[in-house]
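The following blocks contain the structures, represented as structure tokens.
Across the two complexes that follow, chain A remains constant while its partner is chain B and subsequently chain C.
Entry: the complex of A and B
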């Protein structure tokens, strides 16, 4: 199970679900999400530099960070507000991408303790199907694209649209 | 691909019958009658589904003597799934990096090197 990220965006719904198992205790996974010095070591594409302008992981706290492409200088900014003190059981934040302003999602993160392993479940809820699809389509990495798979393979996966690694 | 077109594609794909029609069209062009056969729905119902698929740019329709043929248009579907692929790649790469960070954190209980270590 470890090492497989599942991203599901069912057609006609407003949510995106991301599920991943980590081979580490829950408190470590939680720390990696809350401490900016740890967060910038993993969030986002490896070739981008992550700059965290603010990250106040507490009720009413704000965050703002940017992924910076060192080659082109392009910046991709994200911001939001924490609702409630983040805990491993429940983390609630709003999320807005600078490249898709005004289309704010509400994200929840839950970390499940599986005896030394941790299952992370993230749900991003948008206010409409169009907002959800727009977020997916505002794709942050123009340079990144893996080869197209054969169309019939795609169609097999399209019931519902569920992309699995 | 702009957002409106993408929404049309996702909307068209939200119906299982329409997805099955697209799957059938990967094997070749087909008439309404041929497309109706595997489904327990009327030809007019299939025609309505084809109209939605054509509106989203997922199929094109041509005439062969008296029959209208539906033809799969791959590009919009590719775009829609490619966007999802990019979103997935963002999280896959982040999670692989988090795996590595978690190993560093567990190797060093004081956390000092993980706190400093910015070079992978």
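Entry: the complex of A and C
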């Protein structure tokens, strides 16, 4: 189960559901989502450098980051706001890609404790089938799987440090 | 057309679409959505008093208001955050009812100018069919229609004032 990212997007609906198991405690997985210095080490494809301009993980806080292609110099910017203070039980944020303005989604993340392992459940809710399908066809699934593999690796590196503290 | 609120919520989907025409210029309809002193005069059922604790209509701004039943003293609280700076072209906010915590939706509002009249298009996007159906069964449709009737009345009162300024 660990290591496989399950993405569900039924035809004609406006949501994407993403389930992933991580071989690490819930608090550690949560930290990797909230601390910019950790987040930049895993979110998105390996070939891009991640630059975080702003990341305020609190009610009304905003985030803004860019994926930068070091070969071409191309930049892909993303931004949104947090609804409520993020916790492992519930994390709600909006999400918008600079390259497709006005097509905003709402992501809900829940982390479940499974005795030292963690199940991550994300739902992206869109306003229309067109918006949802646009996200699917952007290749988000590949970027997501690769990002989660990088998170696996980060969690292995962090494990001994977290156990000592 | 004016005066009728069209609410669409197809079975098994996770969105609600609301269309309403107003016999007033777009800027005036937008002001009635952004200025707390105007908003409190129309949003929600007539029998409730609206108390706005916070209403920051800007990117990352938060809002929080309560509908108070003057007879029973019962209070119904709502809160959310704004994604992006609201404009007549696009207004995005999250929405959560205190009485049903964790069931957050994202509302997208667009106001179309029709030569002195305005068409309002709102889409509420939910993370699940359960969340969407819960909102429908809360009686939101009645409260919405009544609120929009009050907005009609407010726009009539504001019309001559706006024309003079």
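The rule is short, and it goes like this: the second predicted complex is superposed on the first by the 137 of 165 C-alpha atoms of A that agree within 3 Å, B and C clash if a C-alpha of one lies under 4 Å from a C-alpha of the other, contacts with A are read in each partner's own complex, and residues count from 1 in each chain.
Operating definition for what follows: contacts are C-beta pairs under 8 Å (C-beta built on N, C-alpha and C of every residue); 3 or more make two chains touch, one makes a residue touch a chain.
Keep in mind it's a predicted model, so treat the numbers as computed, not measured.
Of the two partner chains placed by the overlay, only chain C lies in contact with A:62; chain B stays clear of it. In the superposed model, A:81 makes contact with chain C only, not with chain B. In the superposition on chain A, the chain among chain B and chain C reaching more residues of chain A is B. By the touch rule above, chain A contacts chain B in their complex via residues 2-3, 5, 7, 9, 11-12, 16, 18, 20, 22-24, 28-29, 31-32, 35, 37-38, 40-46, 129-130, 133-137, 139-141, 144-146, 148, 151-152, 154-159, 161, 163, 165. Of all the residues in chain C, the ones that touch chain A in their complex are 13-15, 56, 59-62, 80-84, 90, 92, 94, 96, 102, 104-106, 108, 123, 125-128. Contact residues of chain B toward chain A in the complex are 1, 3, 6-7, 10-11, 13-14, 16, 19, 22-23, 26, 72, 74, 77-78, 80-103, 105-106, 114-115, 117-118, 120.
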